[in-house]
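My structure is below; once you've seen it, I'll send some questions.
Labels A, B and C are assigned to the chains in the order they are written; within every chain, residues are numbered from 1.
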Amino acid sequence: MKVVLQNLTKRFPNRNKKLDDVIAVNNFNFEIPDGKLIGLLGPSGCGKSTTLNLICGLEMPTSGKIFFGEDDVTDLPPENRGVGLVFQNYALYPHMTVRQNIMFPLQNLKGKDKLSKAEMLTRAEEAAKLVQIDQLMDRKPAEMSGGQQQRVAIARALVKMPRVLLLDEPLSNLDARLRLQTREEIRRIQRNTGITTIFVTHDQEEAMSISDLIVVMKDGIIQQIDQPQKVYDDPKNLFVAKFLGTPPINVFKGKVAAGKLYLGEDAVLQVRGVSDQELWVGIRPEGFVPQQAGPLRCSLKAVEVMGRDTSVVLGNETAVSDPLRAIISSEYQVAPGTGEIRFALKPNKVFLFDLKTEERIPFQAE
Amino acid sequence: MTTNKAEQSPLRRGLNLKPVTYILLTLWALIVLFPFYWMLLSSLKSTAAYNAEMTPSFFTLHPTLENYTAAFRSQDEPLGRYLLNTLIFTVITTASMMVVIVLAAFAFARLKFRGRNVLFALFLSLMMIPNELVIITNFVTVKTLGLTDDAGSAIRHFTGLILPSITSIFYIYLLKENFESIPEELYKAAKVDGTSDLKYLLKVMLPISRPTIVTIIILKVIECWNSYVWPRLITTKPQFFLVSNGIQNIRESGAGRDNVPAMMAAVVVVSVPLIVLFLLFRDKIMAGVSRGGTKG
Amino acid sequence: MENRNAKAWLYLLPALLFLGVFMIYPLVDVVVYSLEENYESVREVYTGVGLANFSHVLRDPYFLQAVKNTFLLVVITVPLSTGLALLISLGLSSIQPLRKLYQTVYFLPYVTNTLAVGLVFMLMFQYNDSQVGLFNLLIRAFGGTPVDFIDGPYWAKMTVTCLYTVWVVMPFKILILTSALASVPQSYYNAAKIDGTSKWRTFTRITLPMISPMIFYLIITGFIGAFKAYSDEVALFGVNLNEAGMNTIVGYVYDMLYSNGGSYPSYASAAALILFAIVLTITVINLMVSRKTVHY
């Protein structure tokens, strides 16, 4: 089931009545293809949870429309949309067993959709099998681990065979090890069921690792929609570039003159097709190549050996981000305390952004 | 918690006060228990034996239950009737109050509507109003509506008896706090599944809030069982008395003066149900009372 | 949105209805009553509007007696019961074995019918032709002259009233103070111990300040409760409290409303409002004092 958002906007009246309304979601237009897993990514307060609530019907949009397939669901209450929702804290009913929790949504079905008790039990059993908790059907939520509770919550959302599955920060209450495991699990379940799935997260790594598409948001405005690798390799603006990647991108204030990119005095890269101007320069940590006579001179502050790679903390007068960090292969021997270190740059790891709009400025390397 | 707190407590250090502490605590326990012993003792003495004792004895060698049969058989003071009336009053009042306060608490805790905060603040400010201030008009209201026992109709009389005690702001407040502590996500999850508000209230909120509900029920039952002033105001016919009024009537009518053991038997009968209830639900009752119950 | 508004109000409707009829309306009405001069309840007519009811009540010797009794009761029982409860709670928190048993026993008076147990107190304190009460046996054993505490001199009646009141209010206070003491973090005591603080200093400088909010809470609720004393007195002295000279302000209100075939809702309203004013004033003073002294 594809999901289409059309000019979707949600305003909240400001608590302080003298101030303007808060626009949580500002004129969203995008289409989620059928059967894909979509990550809504952004810092807290960017409107991603509001978007989720709009899609599932817990909030009504100020303007705009939502379509599931060809159906306009904008004015439908949540129960008539056919959505399943998984909450950050799972929201399992503490007084019910796993089985009762999973069956609960089915008991609300009315009219022709009404199921017999036996059918409900079968459906609950199937959903539990899918998330591999069919051994725990008679436990109560308090008797289960966080990961197991998460699975119950997913089973409960899946049991009524929703057209769209929504996950609100599904992994943030799990510890690091479970998080890795559970995100694979979510991926597997989504592939098996083929249900269009939208999940909200503030963790870029989580979004990158399992999404088919990432929607990056900031202040209620969509910044970029693309495949994960594309978003990383080809960010639309400085915000997206800064938000994705660990360690984060290094930002410098530089200038272009006569087709050359300058960081301070150093002409670090040939950039064609860019007019002379001051601009922001973003360099991914893996874009630094140590070179005896490299054009970029930095001071060497610290070296952190991480096994496969080496992380180098650098200093440079033109740098805006602090600390500056480069990830280099451990083949390069970097002796700490030598003072200066010189790099060449990989052109595809260097991005230029307009000083005012922070929009990406394309260039051709050599 | 299992560490020996007594060892670290401020009174324990230095001088060994423990024996003195125990003696004093036991003394107070005796003071508390003695009236109960005395009522039980007096109720077990035969009338003749009791009346013969100018100086009451501290025990009896010939306990008898005749006072209890007398208390229940008395035509003028139908103790069984009092108990039944009180039971009816307690059950109906508590049940209807629970319905009213659960609905109100749910509206305040989960439903969004204009003026919610203002209305709730108004509710809280009403908590300050003492019963004595409103009982005057309520008496007149109930009398005007013909809901006292003048007409001799049990239904009318019970209606008049029950109506004013069906809402309690304090319990609405207590329940609302409890409802609010249930994560809002549960409500949203239920909404997404198409659960109606009422079903959510009955199937999710009430079961989760059971401890608080039970506490409120118990506190209300105690309050109903002991209520005296309001029933006294609107009741004149003995067949409609509640236990408190009945006991008071036994005392006033002279029956009690003539037959103290029978009166004490009635006192024991009236006291036992609540004491049993207390011993069964000790922790719940004490927790409930410490959360803000006051006597009366 | 309109729909949801309507629904919320529907949930609130029962509570609002009952509160409106039995709380808000009476609140207005009581003021109206108190201002209607020479109100006749049978014909529902009055001659004028003014403060005559208040001046009548304030000059009524029965009312003045009731005020005196109530104030005496308040100033004696509130400090006495609070102090005693503090002592007992300190004792309780310093022992481990039998603590739960003591707590259970101490709580018993809370769940008993005050009218019923009042009769037992009456028996224990009386001294007349038919029987020497238990308390008088004690007095005699110590060589004193027996006194009838129920139908004797004023000071005797006051004494038994205070004793019974203390007996009745202790459970609540002990309960609150015990849990307040238990919630003082043990680390404070450990710190004091390491500093070699004396036991008395630990108590006055740590324990007392930490539980002072609860003590003030008890004093305030104690004042309010004692000002509303009524049914304990009825249990001891019978319904005709004026005759016994032991009436309370609340008793006066009810008498004006009901007894002697007398229906003087105007006088009752005036008296109730005076009571409310007194309680409100004392509470405000209490709060002001507590704000100055409770640093926490």
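The criterion applied here is as follows: contacts are C-beta pairs under 8 Å (C-beta built on N, C-alpha and C of every residue); 3 or more make two chains touch, one makes a residue touch a chain.
This is a predicted model, so every value here is computed, not measured.
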Based on the touch definition given at the start, go ahead and assign the chain network to line, ring, star, complete or other. line
Quick check for you: compute each chain's CA centroid and the global CA centroid, then name the chain with the smallest gap between them. B
What's the distance between the Cα centroids of subunit A and subunit B, rounded to whole Å? 57
Distance in whole angstrom between the CA centres of subunit B and subunit C is 17
Please work out the Cα centroid separation of subunit A and subunit C, and write it as a whole number of Å. 62
Touching two or more other chains in subunit A are residues none
Touching two or more other chains - residue numbers and ranges from subunit C: none
Using the touch definition from the top, list the residues of subunit A that touch subunit B in their complex. 56-58, 77-80, 83-85, 87-91, 93-95, 104-105, 108-109, 156, 160
In their shared complex, subunit B is touched by residues of subunit C numbered 4-5, 7-9, 11-12, 14-16, 18-19, 21-27, 29-30, 33, 41, 87-88, 90-96, 98, 102-117, 119-124, 130-134, 137, 167-170, 172, 175-176, 179, 186, 189-190, 192-193, 198-199, 202-203, 206-207, 221, 224-225, 228, 230-231, 234-235, 238-239, 250, 253-254, 257-258, 265, 268-269, 272-273, 275-276, 279
Can you tell me which positions in subunit B touch subunit A when the two form their complex? 183, 185-186, 188-195, 199, 203-204, 207-208, 210
Could you list, by residue number, the parts of subunit B that touch subunit C in their complex? 4-6, 8-15, 17-18, 21-22, 24-25, 28-29, 31-33, 35-36, 38-39, 42, 51, 53-56, 99-101, 103-104, 106-108, 111-114, 116, 119, 123, 126, 129-130, 132-141, 163-164, 166-167, 169, 172, 197, 222, 225-226, 228-229, 232-233, 243-244, 247-248, 251-252, 256, 260, 263-264, 266-267, 270-271, 274-275, 277-279, 282, 285-286, 289-290, 293-296
